[in-house]
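For reference, the structures are reproduced in the following blocks.
First chain A sits with chain B, and in the next complex the same chain sits with chain C.
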Partner chain A sequence: MRALSGLIKRDLLLALRSGGTWAHGLVFFAVFLALCAIALGGETSVIRPLAPALIWLALVLSLLFSFEQLFAGDVEDGSLEQIRLSGLPLTHYVSGKCIVHWLLTVVPLLAALPIAGLFYNLSMATSAGLFFTILIASPALIIYGAFSGACLTGYKGGGVLLVLLTTPLLIPVLMFAIEGVLSYEKAGLGAMEFQALSGLSLIALAIGIPASAAALGATME
Partner chain B sequence: MISLLANPLRFKKFARYASPIFGCAALGLIAVGVWYALYNSPEDKLHENAVRILYIHVPAALISMSAYGAMAAASLIAFVWRHPLADVLARSMALPGAAFTVLTLATGAIWGKTAWGTFWQWDGRMTSTLILLFLYIGYMQVWAIIEDKRRAARIAGLIAMVGSINLPVIKFSVDWWNSLHQGATLGGPGFETSMGMPLYLLMLGYGCFFAWLTINRVLDSIERTKQKRTKTQRGASAVMEDI
Partner chain C sequence: MTHSHKSIYEQADHLEINGLSLAYDGKSLFEDLNFALAPGDTVWICGANGIGKTTLLKCVAGLIRPDAGMLTWGGDNIKAAWRSGITAYQGHHDAHKKDLSAAENLEFWQDIYAGEEGCVDAALTRVGLWARRHQRTHTLSAGQSRRLALARLMLRDAPLWVLDEPAAPMDEVGRALIHDMLRAHTARGGSLLLASHRAPSKIGSSTRILTLQESRDART
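Then we have the complex of A and B:
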């Protein structure tokens, strides 16, 4: 447990001193939403029904591009080798990485959500629905991305392939999340979609973390 | 059976008999099946002759799904027991599987045009077949970009296994999301035995064809690794003589 918290502290410190690269996802999120609004003609009546889908797409895309570098630094400079030698199980290491990545990417996006809601003129209920769907589904997003990242760390041309590998796994999440935003207004958190999203996140937790650890192990063999 | 075929030499011996058996069976079954499907089966009441494309479509859909399952099973065997041929087997099944998926999508689109008046609809089964194609492409790409083949085998295997666990989830959620596709009609009301016969023949025929393709791709892959090995050995000895 101490090793895990040490790992989290180290990664947060690294991100803090990286000159703000962790905020790139946030910038992408803002730019994507602005571009969508412009492409759709800027008419609120057109944008509003599409807003949950657009915001979810912005979230998924901004996350997808962040996984290529997730393990790359540790593999290149040899810290992963040292961590493995220290006896820390790779599953712990992957969990730590996922927690830090969640703190650095999903939490800022959740914080920026009210502003996005303001831009798109969303109702409180829709904004709250978005907030809760993102909160509940984010473990699945992060873990499947981390799995693809672990599989492709250290190989050329991994970026596009990472998107291709992760997308099929995220399709159920996207479907339930967007329906969940709509049904939040009627049924609140008890809606069936939220149960499905929690289930998807739990499946991701159970499969994704051991699989990522195994992929990292295979890369270092 | 599994460990018996682990040895490439023994597999070659097995393939010497299995390959022609599967090849001939596929040829015969598909020929007879196609004859029944195209000439000797009744027209559908609703769709008339257009229904005949389903004899090509349904077996292809069956093979495209089961090929992914077989690929994942072979990957599991390779991952757990480090079975040397299971990796090759999984890899050999990917391209034929993807080809059958494309065939499913193409014939499905043609059928959709005649039956529903549109080539493409984002309905449950079509979407999940498309996702299956993405899974196949991703799997093959992993083999392509990772140069160290032993490493590629482990990572591609992991991807196939995670994908196969997710495949039912994807299928369920896509069906829940949107479903227009007619339910399975095999054995249901309005399904005549004269229509079932060519369908079963073609399913078997496609299966044999897939097995024949896979066996030959595995043989080819064994042959290639052997060639590569002798080539590198020769190179090394030449360098020694130069010194």
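Then we have the complex of A and C:
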């Protein structure tokens, strides 16, 4: 537990001192939504029905490019070697990295959601639906990305491969999430889509974290 | 435990390397390599650049899987011992985060190793970096950065130290410091595997040299 909290503390401190690189995803999210609104003519009646899909796309795309660097820093400076030799299970290390990544990417997007809602003139129910779909699906998003990042650690130019590897894993999440936003108005959190998203996140937790740890161990050998 | 003299390291034991072979890029680096390290022993790995010293060290530390061969720790397969953290390895990378201070870097490792409070201050003082503890590590010189990496070794009780050219970026004072640290480690019953392309020096009671040569044979 102490190792995990130490890792989280260190990575948050590093993010704080990184000159705002952690906020790139948030900037991308805002720019993407603004450009979509302009491209669609700014007409509320046109944008509103598309908003859940656009916001979810913005979220997935803003995350997709953030995984390449997830483990790269620790591999390059030798920290990961030292962590491996410390006897700390790599699953703990991967969990710590995923928690920090969630705090730095998903939480700011959740905080920015009311602004996106105002921007697209969304109803309270749609905004709440978006909030809950993102919250419930985010472990799956982060862990699948971390898995791809772990598989491609050490490969130069792995960025494109990473996108190709992560995308198929994210498609079910995207499908259930967008449907979930629409179902929330009628069925609330009991809707089938929320159960599916919870299932995907639980599977990611149970399989994705050990798989990422194994991939990291294998790429280092 | 089978070691010959009392060690203060709880996990200290005999390391045995049997029939170790590894090829890289189609070229054999070492074949059927055998040697052993008892608690308190030192083995220097010598040889020219690129001969495979670092690879051999990484094999022993558990960072590279050999093509063939068996490593045992106290007679048992070494894997369980690796997982319990018997090895402290210092390679070419110092593993510091450049945006953290010297003290912050060590505090992180103290958390990872679940070390005792006060270890960080003692380690910083020991390597002569106490006055620079609040300095970000990217402002440290190569020698100071290596001192900080060596301070990390002191944060935990790993009985097997595997060090790759630890003194490379160091000045005379730094070299003396390393020598003292290594001697203290072997005197406490720790074992030591070192790579160097310089003339090795005697550390502790039992110091041996293993030379890797181009002809693919290795002799102790």
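The criterion applied here is as follows: the second predicted complex is superposed on the first by the 221 of 221 C-alpha atoms of A that agree within 3 Å, B and C clash if a C-alpha of one lies under 4 Å from a C-alpha of the other, contacts with A are read in each partner's own complex, and residues count from 1 in each chain.
Quick note on the criterion: a contact is a pair of C-beta atoms (placed from the backbone, for glycine too) under 8 Å apart; a residue touches a chain by one contact, two chains touch by 3 or more.
Everything numeric here is computed off the predicted structure, so don't read it as measured data.
Colleague: Clash or fit: how do chain B and chain C relate after the overlay on chain A?
Modeller: fit
Colleague: Determine, under the contact definition given at the top, whether A:L103 touches first (chain B), second (chain C), both, or neither.
Modeller: Neither partner.
Colleague: In the overlay, answer first, second, both or neither for which of chain B and chain C A:R2 touches.
Modeller: The answer is second: A:R2 touches chain C but not chain B.
Colleague: So, does A:L135 touch the first partner chain B, the second partner chain C, both, or neither?
Modeller: In the superposed model, A:L135 contacts neither chain B nor chain C.
Colleague: In the overlay, answer first, second, both or neither for which of chain B and chain C A:A30 touches.
Modeller: A:A30 sits against neither chain B nor chain C.
Colleague: What is the contact status of A:F147 with respect to chain B (first) and chain C (second): first, second, both, or neither?
Modeller: first
Colleague: Is A:R17 touching the first partner chain B, the second partner chain C, both, or neither of them?
Modeller: Second partner only, chain C.
Colleague: State whether A:I83 touches chain B only (first), chain C only (second), both chains, or neither.
Modeller: second
Colleague: Once both structures are overlaid on their shared chain, how near does any Cα of chain B get to a Cα of chain C? Whole angstrom is fine.
Modeller: It is 6 Å, taken between the nearest C-alpha atoms.
Colleague: Shared contact residues on chain A for chain B and chain C?
Modeller: 221
Colleague: Please give the residue numbers of chain A that touch chain C in the complex, ascending.
Modeller: Listed in rising order, the residues are 2-3, 5-7, 9-10, 13-14, 17-18, 73, 76-79, 81-88, 220-221.
Colleague: Which positions of chain B touch chain A when the two form their complex?
Modeller: So the residues of chain B touching chain A come out as 131, 134-135, 137-138, 141-142, 145-146, 150-151, 154-155, 158-159, 161-163, 165-166, 169-170, 172-174, 176-177.
Colleague: Show which residues of chain A lie in contact with chain B when the two form their complex.
Modeller: Per the stated touch rule, the residues are 147, 151-152, 155-158, 161, 164-165, 167-169, 171-172, 175-176, 179, 196, 200, 203, 207-208, 211, 214-215, 218-219, 221.
Colleague: How about chain C: which of its residues touch chain A in the complex?
Modeller: It comes out as residues 61-65, 82-85, 87-89, 91-100, 104, 107-114, 152, 156.
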